[in-house]
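Both complexes shown next keep chain A, but they swap its partner, so chain B is in the first and chain C is in the second.
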Partner chain A sequence: MTEIIDQHQEGKRDVTFRVFRFNPQVDSKPYFDDYTISAERGITVLRSLNYIKEHVDATLSFRAFCQAGICGSCGMRVNGISKLACTSQVWDELDKCREPGIIRVEPLRSLPMIKDLIVDMDPLVDKMTRYSNWVDSTMPLDEMGKKEFLISEEEFQQYDKATDCILCASCVSECSILRANKEYVSPAVLLKSYRMNVDSRDGIHDLRLAELVKDHGVWDCTHCYRCQESCVKSIPIMEAIHAIREDALEKRGPRDTSGAKHAEAFMEDIEKKGKLVEATLPIRTNGVVWTLRNLLPMAMKMIVKRRTPPPPPLVKSAKGIKIFRAMFREMTEHVKQDHLKSHKK
Partner chain B sequence: MKRYAYYMSCINESMTKEVDRSIDFWQKDLGLEFVKLHEGTCCGGSNLDYVSPKHFALVNARNIALAEKMGLDLIVSCNTCLMTIRTAKKKLDETPALKKEVNDILKKEGLEYRGTSEVRHLLWVLVDDVGLDTIKAKVTVPLKNYRIAPFYGCHILRPSKVLGRDNPLAPSSLDELIEALGGQTIPFDHKNRCCGFHTLLVAEEESLNVAAEALEEAINAKADFIVTPCPLCHTVLDGYQSKALKQAHIDSSIPVFHISEMVGLALGYTAKQLGIKRHIVC
Partner chain C sequence: MKPFDIVIVGGGGAGLYAAMEAMKTNPALNIAVLSKVYPNRSHTSAAQGGANAALANKAKDDTVEMHIFDTIKGSDYLADQDAVEVLCSEAPKIIRELENIGTPWSRMEDNTIAQRPFGGAGRPRCCYCADKTGHTILQTLYEQCLRKGVLFFNEYFALNLSVHGSRSRGLIAMNMKSGKVEAFPAKTVIFATGGYAKMYWNRSSNAAGNTGDGQAIAYRAGIPMKDMEFVQFHPTGLRKSGLLVTEGARGEGGYLINKDGERFMARYAKEKMELGPRDLVSRSIETEILEGRGFDSPAGKYIHLDLRHLGADLIKSRLPQIREMSLNFEGVDPIEEPIPIRPTAHYSMGGIDTDNFGRTVMDGVYAAGECACVSVHGANRLGGNSLLDILVFGRIAGHTAAEEAGKFEPGSISEEELRESVDDIRSRMQPSGHYERYGALREELGQTLALNVGIFRESSLLHKGIHDIGELKDRFKKVRVFDSSDVFNTNLQQVLELQNMLDLAETVAVGALAREESRGSHTRIDFPVRDDEKWHKHTLATLVDGKATPGEKPVTMGRYELQERTY
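Here is the complex of A and B:
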């Protein structure tokens, strides 16, 4: 142990990279190769992989280009977390190893494997196509290229952060729902969709939003914040997802989808009782038939264990509900005024 | 005695009543006094923030202001309530115009949001305020024969700029509590992953897949039980467990405890007293 600490302070030490290997043309299943190299303080995981490829094993495959956190090519899992190899310092990673001195390097999750650390980005690109992740310009064709299409500073602020996305797919790899169902839209595509939908130069907002509220779309996000937490550009992805939902509720109404109904129920219950009425939440979200079919067996077990939520009349309102309700409604008036003002603009 | 305002989460008043009941058994033993906020309202459950950002700010400014009026910190025992109320607090503290707008309304009830009370999780109170040494000294029935899988859940860790207590990639507070109670924590990759609760009614199949992955890891690691600081995670991992495991073709089961029950067991209260018999899996 003291030897490791001494080496650490010296700024040069032997580091083992345990790298995921898989060549579907040859291998029946994936395996790991260990490469031990002498690494200097300040070296990145990507430079280490480059060294290994040049000096130890030319068959090791990975994607990389700019080496500066700009192009987004070298997304991979380092010690279990999806990130860019080019901005990950070996010395920082050494503190996070489960086995001392061994850095695990694996491909991103939730995308098909091609070879070793290379994954197929096509499913992500296909989803960007499905959700029209581009500005469909409202400028007439004959004016294009002849004049500027300006936006206000205020509007730009709305998507400034979102335009930082470099499509590294770290958020895609970390997403809980995508892991559970590959059809899910995925965080990067939601972020791009948000960015396009708030752009005043774009003409297909409604079309894009209609696609986003369908199955496997924006309402399937489970608010785990893993996308935001793993974003290599620190983009608040969840804020973008919430903004799409807010937009969907406003433009398409609170009865549009089960996701919208579920969200709106919180607003209704808080205004009425100050408390959530959980017993009827499944019915208000999905209707009686779905609830009976999906939840009846579990409800029976819960009745036996006396853990069913109380029926609506038995849900006690929060103490002081009258004055709370008056304040809640006063805020509703404020929100109406805000809407009037923004529509006038 | 350390005094705190205690936020009553909707779920703990309906489906997971055992959380507040078990805390009532041992709070005095650990020198804690939780004053229940019966005037508090639903935080919005990580939904109201986009349904109506301004109502979200008002409701939670009020929840915090009720604690501020008593000069106490607000203690929460549900991860999502914690994240939601802390998110509102951050927004109010960073946006003076919003704070003023909200306070103009709160005046009606004689309340004012000042930003003086902290909003913290029960787990943090146990580990940071009571302290691991005190807890160790109070243990009468150490959990020494138990292998325990710590499931932190999302909203006590992420977004980290709102939560900030634990390293979201390598959280330790729950592990430390387990060890202070004499239990053995097991390495658990799913400790900082999601339970799937928030999409149970919208994308049930996906939610159950998410839950099944965590349950499967704990079962394969031969854990005696999973423990979680969040009643929402508990509802999925316990209440929906058989459905999730059936969907994943896994023929097994594992009990899931609240932290309040685990503490109660180590302090000598019985499973029956603490409400553990009311779980779906026990």
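Here is the complex of A and C:
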């Protein structure tokens, strides 16, 4: 790591890392430490953290393993966005700082804190288990290894992108629903569930789907797209979520779960007003108490940040509901096209 | 803790396959898998190329027999031929089995598993999933283990084997989340902790944790290491990090250029130029650097991999991964600038000495995967044979341990033994007086290995290497842990990993000094030819009185006679 301190013809830039610190054994609450180093071009956030750990403060704790963007260990928030520290260039981050020259580094959100930048991944593993994120093969045990399933290129394309997921939990940290409801299935787990459900070798599609439409499942997603925007592997997660929903409506009909209530509410909105009354959706799906307890605190924050949809009275029926319906249809078509495209690399 | 029947150390491809197979062999067994990282983070995920199996999907005339021959020849005739036979004949079955349980292999037009050509193979038999083969295999295995309810102890760091007489009674490990040192009494222990090539530190393509922990633990327990001197170098590692730029870059027509602007491969491989075999290209680059025709930088000397003449379009469409790597880890866009590269330590052929069933010399202790040396790779591993190795021998070790666990008494580990491990750790955690920084030692270890126990070896260099390692080991005694926290003490973990690397580094250097010949990845300037008469055998390194003591073991021959290895 000496290259950071050594003189180098490529030039260096001074940078302060403002790092989230928390050691549950001694700290009653988290705080930030500033570390200033000079970084040459090509240095990643992870290498800088390694440098700080080796030369400045050995107690700074974070996970890292492959250092090549493939193992998913080093997910953290850099300048407020969840991403991999090992693939983030310091010089690029310097251009994105809110305070000039200061890069903020914080742990992922929505997972229990352990220490400094380390969060507990067990809840995610538990959810992978709950939603059967595996292929339950239809190949009889005594036939295993004797022959191949024949799989078409088209089928492979359906889950090719989804199998890029490295379980880094960046999307988990960015998901808006998870921040309010920790029991929510999680975008990465939805993605994996989708991947299993379109695999023709799997024999428990219906069982998985039945779990997905229950409370905290696929219908709770608010379509905010944040997961997809933050995915470190640029996986079209929303396509997977849409696909599960379409599948659920097709296979299970609209009436059996809170999810279906959500879907009904969705349709009703479109029919009546030509717009999605997002603010009332959670209430109608989950009931008033749940919404007050879980979503209100977040909604308040979102209002402050002007991110929340307008409250119901402000949502007027869209002018020309027919035009809207046509647009809606076109949009659905678009989504489908995108879906196809995005699965063909 | 209730005694286990099997404790598996490592959650990479080898460890997970062992777990699945052990459960299948005897569902009544009490099995645990320990891993210092979540299993899906293991280094198996880094393998891009693929896994070899003579499925004959692509080349209809491919046979297991040809795979066997390619492997033996590739090993420079140091592999044990009976072991290679197991590896290659099990290959089609295990690849299909992986397919059956959900691995998303890329497909051929007739919907069978796709295969492509790979270095050293006479037929295109490398099965792949795009450029993420290891990743998807590891995900599939992890998913299946979750399905079967395998008991995982994630983020547990293995410290020691508890040894009584000629057998092990289990394992001692630290729970990273709590810092507690815990006992895992067990009838059998399987090591599947991956490779040790990270001891070359910034000159290695490996994950930070490929520090040879399992090998070091076994070595300290008196189990011999085999063929440790064989470390494979990949020609194109990034200058700063050692991370791999895959063969694709040269395959598409990239040039290797020295500081005088020459395409220097013309000197070493007139016809094949940049596309010569890995070891040859590595040696050529290293020669350029040694003879002063490399570029200079604080991160060390290097040469250029130039892709600019290929044009932006081709680079973007055919080599997007390589461009991204170069941007992410060097800050260099290959469309505009050449990529700074140099050879990087990539794979460890050597490891814990096992038989074809994964058994070590110690009762109840087994090993599989890159941490073991069966040996199927001999002096040089073929691309695509390592994933195969971890799957085939992971499964075999799991099976053997499950069958044999009943033979052994339930293990027990005394409080006293546990306390010893704790005291050992505590003594490191009191910073006082003069101390050494682990970071500096780690880097110096990498440097001395790359310089003296690297691609070109020679008696005086190796003596220097051994001397340096000894000195580093002395200085290590003064390394202190500054993080006093029990919770997730990565400072402590990295110090313990350094200790493991230091112990093993000695065996690599001692083996390299002993082996007075050039074979496969091991090149001695002072002994430039293969010497079958004296050195057609495995080297062993056993810890005796704190020193690596050399030994040897014959190579098992079979159908194939010794031949010169030419391509």
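Rule of thumb we're sticking to: the second predicted complex is superposed on the first by the 246 of 345 C-alpha atoms of A that agree within 3 Å, B and C clash if a C-alpha of one lies under 4 Å from a C-alpha of the other, contacts with A are read in each partner's own complex, and residues count from 1 in each chain.
As a convention for this text, a residue touches a chain if its C-beta (ideal position, glycine included) is under 8 Å from a C-beta of that chain, and two chains touch if they have at least 3 such contacts.
Predicted model, so just to flag it, every value in this text is computed and none were measured.
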{"item": "Touching partner for A:Lys29 - first (chain B), second (chain C), both, neither", "value": "neither"}
{"item": "First (chain B), second (chain C), both or neither touched by A:Glu229", "value": "first"}
{"item": "Touched partner set for A:Arg201, first chain B, second chain C, both or neither", "value": "second"}
{"item": "Touching partner for A:Ile151 - first (chain B), second (chain C), both, neither", "value": "second"}
{"item": "Chain B versus chain C as contact partner of A:Ala68, first or second or both or neither", "value": "second"}
{"item": "Footprint overlap on chain A, where chain B in one structure and chain C in the other make contact", "value": "none"}
{"item": "Contact set on chain C toward chain A in their complex", "value": "37-38, 40-43, 45-46, 93-94, 96-97, 99-102, 104-107, 109-113, 129-130, 132, 135-136, 139-140, 143-144, 146-147, 154, 177, 207-209, 240-241, 243-244, 297-299, 324-325, 327-332, 437-440, 443, 481-491"}
{"item": "Interface residues, chain A side, partner chain B - complex", "value": "80-81, 96, 98, 176-177, 179-181, 184, 216, 219-226, 228-229, 236, 238, 242-243, 245-246, 249, 258-259, 262-264, 266-267, 269-270, 274-276, 278-279, 281-282, 285-286, 294, 298, 301-302, 305-310, 315-316, 318-320, 323-324, 326-328, 330-332, 334-335, 338"}
{"item": "Complex contacts: residues of chain B adjacent to chain A", "value": "10-11, 13-17, 38-42, 44-55, 58-59, 62, 101, 105-106, 108-109, 154-155, 158-160, 168-170, 187, 189, 193-194, 196-199, 201-207, 209-210, 213, 239-240, 243, 278-280"}
{"item": "Touching residues on chain A, where the partner in the complex is chain C", "value": "1-3, 6-8, 23-26, 41-44, 47, 53-55, 58-59, 61-73, 86-89, 91, 114-115, 118, 120-122, 125, 128-129, 132-137, 139, 143-153, 156, 159-160, 163-164, 166-167, 196, 199, 201-202, 345"}
